[in-house]
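The letters A, B, C, D and E name the chains in turn, as written, and every chain counts its residues from 1.
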């Protein structure tokens, strides 16, 4: 494992290498070398299985972290390849030629985060949603509760009290911390 | 050939293209009128109550309990319940819990295609007040906003026994001639349509499918 | 295709002779399993309305609604959970978290209606057919969603503690405190119970965040004696803490103490940032105990010039002269008092009203007067021989020790009484190497003293004789000694209610000889400084003031608080009285500011 | 005292005297609070008197059989005087002692009289006084012996 | 013409994807010519497992193109989980896969435990293992019924679905619910076994074993079933990795991969079982393999009952879940569900809410990429049976 990591560091400049558990190591790679690195891992290092690919929205840093989880059946090791891209309209290299399910993931990411993967088949088609007219829902700034309340509404007749506030109002309205 | 009723009382079908508009009717639904003789209507209701054909459209988790219901252990066939693959042959629509917007569109289509008198049972909490997915961006919260509902059975999921109970309750209601869901749909058609169109943003089907 | 495969399916006929799967009457014959998670049952009388179920419900299916009959019950918010069966997913987390174990589930599962708006009910209040169902899900033994046990507090071992006045309770470490703070369910019932209505959940939250400065700020909003209360508070909050119903209550007092211990006194000014805008009005406060100093603090913050008159040579009142330093070290008390003084509160020590200054003078010279002179006169037993020189008062013993004087108790001591003063006197006596016997008229479980105090005094070797009624003090053979005749008591239930009453059994009398007898059966107020004429002006009953709203007395300028004006007679109540009087005084002197509200 | 009415008249008179006594002490009491307590005591005695008047009029019955709890608190306390600056504790002691004395008086009398109907009345009065004593003793137990 | 996978057809086809995975867009089918029919199957169609739809292009009754459409059951779980606390999420996750909620509960709990360093007591690992195997049994029973039903054998469906209900009865007793058990909770499980459970469980296992024998005779030895399933939708070994095929679908063509053995979790390393493999992954082989795995489940459940400690703690010491902060971390945990590798990827940031959870279900590839590929060239009548034979379950695709 260390050998591989050293080589990846040397050849691809990966950083942020973290051993999460014996069977899982994650590292970060630059967007430009990501596809080559993943292809290399698949073809030469035996990481032939793509468990999944997904995305984490770090809205506070303005980036999407794409995660490709690769698995080596012989060594029973998983590699989490992290790739940071900008949240703003940045394209990512498609890996649909590497795994047959990859384009589905890319289609999903397109829909849920709005990430573009040029060349990926059927990218613009609806995946889960239909007639979606808001920002991609998995983005952190999308407030699903508020959306649901506005669009679908809730049945009326609900009202709840906080025990603490209720007791203050009912039992000691003029006391307690009223300063400031 | 535009098989329209060229009166003010037609549907716009604005979701359809010019070409498609020719293919679909723009007639409004008509309410069911009971037989003028009460005994006949009662007999019809008795017959309806004892031959409830369920549309085999598992719209949500509820579908999982429909299978035990229909198979040997709970054997709903003895209540005259049978599953039908097409809406045209079905009289009962069981909404199996939550309905995503995408499914709601299909539900509406299927429901409108069903022959009247037709009945809707909502299973679980989600159609009542959003349930588990009350804050989801893709599931509706109050099913009766879109399709009239005759019975609700709460639970998550309601057990097959609760389903049997709700079928029995539905039978009772039908026999009493109180299942007017389909007529409510007709009477408040514009209200229902407006609600439906509020959540279904790509309305590309006729306003009334039958 | 072979013949076997063709014939094999006919095997199905064999099944015709087996028992069918079909259940004949499914809705009747098949109740849910004994532990089925069906519809909710709440024992509304056991429920305290803490709202943890509401808090944990991921579907927002539980509303806390007011139920009239439970409002104002001790340790009860008066709210009860109301379930929305258009939301509930029957996960049972509400049952798991229920602090009172009042919530459970039945094994009923069918509720069918044509109306979607009916699926709401307040469990245990609304009548539902499953309320009396015996089956259904309950939390399993050994399964917890919060730690039921308190983090143990490190204490000085009893054999060490009796030999010095070193503080017995060591206090939590930061890590321990974080763990203990984690146990809080943030219901806020304690806030209502705390006489001062401290923001308990909030400052506990600040411990979890490690933000002690915020914790200190929160505490000073309602209590300027956090270092003191963090040690010796009677902690009514803990007695109502819902976590304590099934486990041990959150150690609120020790957590409060931790916050103060974490903050250095020199940082108080910066953290609390009490800026004072003088408003030119003068207030006199009589008594520098917790009530007086609390009033002084909150009045000073509002810009009043406050002068405190104290008969003793230091401030603190009963906290200094009545609480031994192994419970409340002097420098911790000083931490609280010094901060109040640092805001510009003037204390006139050794100034007794009535003797050095006339009460009427204060009324003349100040815009308002706050009195909080407490209960300083020990009650007399009124039994024969009580004036024997070897009979001492508990308060006097404690005051002597606080002042560094030898209380002269001898080596074999009897303490009479079961309150905190009695316990303190007993434990102080142990520290003077005396053999201590505590005589109490009732049972240990009925002692008004703090449970921990009782426990620790026993640990330290005090012998408690319960149901012992002193009858007579008699002279002993030696002048240095004294004898007490006491009789055993039987507890008899009072048909009119109230605690069981001890009745002397005249056939079981004993006489014991001691070096001294310390009487600590209660205290009364000393109102001699108020002239007889002035007495007419006040509503005083049984030696105690019965103040009106905002601690206002019938005399326009005078506000009262503390032990002699409340029924609880503890520090935290006095602190709230002082605070409340400060509000009242501000309303009285500055009514314009309150008009709109 | 040979008739029931005579005995009752005596008892009524005793209650009136007690009420007068408290009123007298109240007049002399220095503090308003104390005054109020003593007047309350006086009121209590007047209430007792009312009960006895009712008994005499036949509207109320004494119940000599009932069990009345004896806390025995007053038995061992010192005698105190009704001075001008009397304390609450002492006022209660005086009250308890007074009721105790009355109880004892009626009990003694009941033991001496041979006529059963008179005995019954006296025993009834004794119980009545025992109840009054219990009232004050409970009060003492609650208010004075708080920590004991 | 001979198709690479599937059966022969006389019609010219345009496949969606070629073996090299370069996605050159296929020649558009000239629908206007009237030679071809476009047909939507689903979402309202009894032959569809769960709600999804297949957009089929037909030449006669042969499928020449298949596009899948999912999303009818999309509830946005991953979004919902980002705004619920760690304890609340455990009640949500089971809804992702209705036939097998337990795997979600276990994996979610396990991910949380792994990041926060909670060790669960031994008894809890056994209870979890048994729970998972019972779930597998129930799910396989339903699947066998489905496979039978898809080829017209409703008798089998009536048997297995009814028998599955007995397994659900066990669940009800053990966990308090039939479908959404919510039994495996972060930190352990919610309760031990009720009194007398073991006896009842063994009874039901015996019955299940007998039932499986009967099914083997009436379904697997049935000429019709054989005729329809043999040679249907063959998955060649070279498809396994590029398509990410896992579980029974992969094992049926001889790939010996099973997470329970390869990367043992819970108590699987203490249980005695072998990986079942097949030789030729067609619908029949896959079905037969699942039948054997169902038998294996029964054996595993019995082993659990034999060896499980019957007392002791079943929950680790937990912090107060009302404000539970899980330390920052990242993990991917997986388990072998009936369909193969089910996984939870979790990223936490030290707050009271999870930063990101991704649920990886095997149907993601089985129902889309694999399905689209295998459907081509098959008869439309077989499409339902083929879908069932891939054991797809849409909610885990769209979540």
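Quick note on the criterion: a residue touches a chain if its C-beta (ideal position, glycine included) is under 8 Å from a C-beta of that chain, and two chains touch if they have at least 3 such contacts.
Bear in mind the structure is a predicted one, so any value in this text is a computation, not a measurement.
*Asks:* Specify the chain with the shortest distance from its C-alpha centroid to the centroid of every protein C-alpha atom present.
*Replies:* Chain closest to the assembly's C-alpha mean: C.
*Asks:* As a test of understanding: of all chains, whose mean C-alpha position lies farthest from that of chain E?
*Replies:* Measuring from the centre of chain E, the most distant chain centre belongs to D.
*Asks:* Please indicate which chain is farthest from chain B, where distance is taken between mean Cα coordinates of the chains.
*Replies:* D
*Asks:* Have a look at B-C versus A-B and report the one with more C-beta pairs in contact.
*Replies:* Of A-B and B-C, it is B-C that has more C-beta pairs in contact.
*Asks:* Just how far, in Å, is the C-alpha centre of chain D from the one of chain C?
*Replies:* 39
*Asks:* Centroid from C-alpha atoms only, then distance chain B to chain D, rounded to Å. What do you get?
*Replies:* The mean C-alpha positions of chain B and chain D differ by 84 Å.
*Asks:* How big is the gap, in whole Å, between where the Cα atoms of chain A centre and where those of chain C centre?
*Replies:* 49
*Asks:* How many Å are there between the centre of chain C and the centre of chain E, using C-alpha atoms for each centre?
*Replies:* The separation of the two C-alpha centroids amounts to 56 Å.
*Asks:* Of all the residues in chain B, which ones touch at least 2 other chains?
*Replies:* If we look for residues of chain B contacting two or more partner chains, we find 72-73, 102, 128-130, 132, 134-139, 142, 156, 159-160.
*Asks:* At which residue positions does chain C touch at least two other chains?
*Replies:* Within chain C, residues 21, 32, 84, 86, 89-90, 116 contact more than one other chain.
*Asks:* Mark out which residues of chain A touch at least two other chains, giving numbers and ranges.
*Replies:* As it turns out, chain A has residues touching two or more other chains at 128-130, 137, 142, 144-145, 155.
*Asks:* Report the complete set of touching chain pairs.
*Replies:* Those chain pairs which touch are A-B, A-C, A-E, B-C, B-E, C-D, C-E.
*Asks:* Which of the residues in chain A come into contact with chain B in the complex?
*Replies:* 128-134, 137, 142, 144-145, 147-148, 151-155
*Asks:* Residues of chain E touching chain A in their complex?
*Replies:* 17, 21-23, 25, 70-71, 74, 76, 78-80, 82-83, 114, 241-244, 257, 262-263, 329-332, 334, 341, 343, 345, 347, 355-356, 358, 360, 364-365, 368-370, 373, 398
*Asks:* Per the contact definition, I'd like the list of chain E residues that touch chain C in the complex.
*Replies:* 84-85, 87-89, 91-92, 155, 158-159, 162-163, 165, 169, 172-173, 176-177, 180, 182, 188, 190-192, 194, 214, 217-219, 221-224, 226-227, 313-315, 317-323
*Asks:* Can you check the complex and tell me which residues of chain A touch chain E?
*Replies:* 18, 20-21, 23-24, 26, 48-52, 54, 56-57, 67, 69, 73, 76, 78, 80, 96-101, 103-105, 120-121, 126-130, 137-138, 140, 142, 144-145
*Asks:* With touch defined as at the start, can you tell me which chain B residues reach chain E in the complex?
*Replies:* 55-61, 63-65, 67-68, 71-73, 83, 85, 87, 98, 100, 102-103, 106, 110, 132-133, 135-139, 156-157, 159-160
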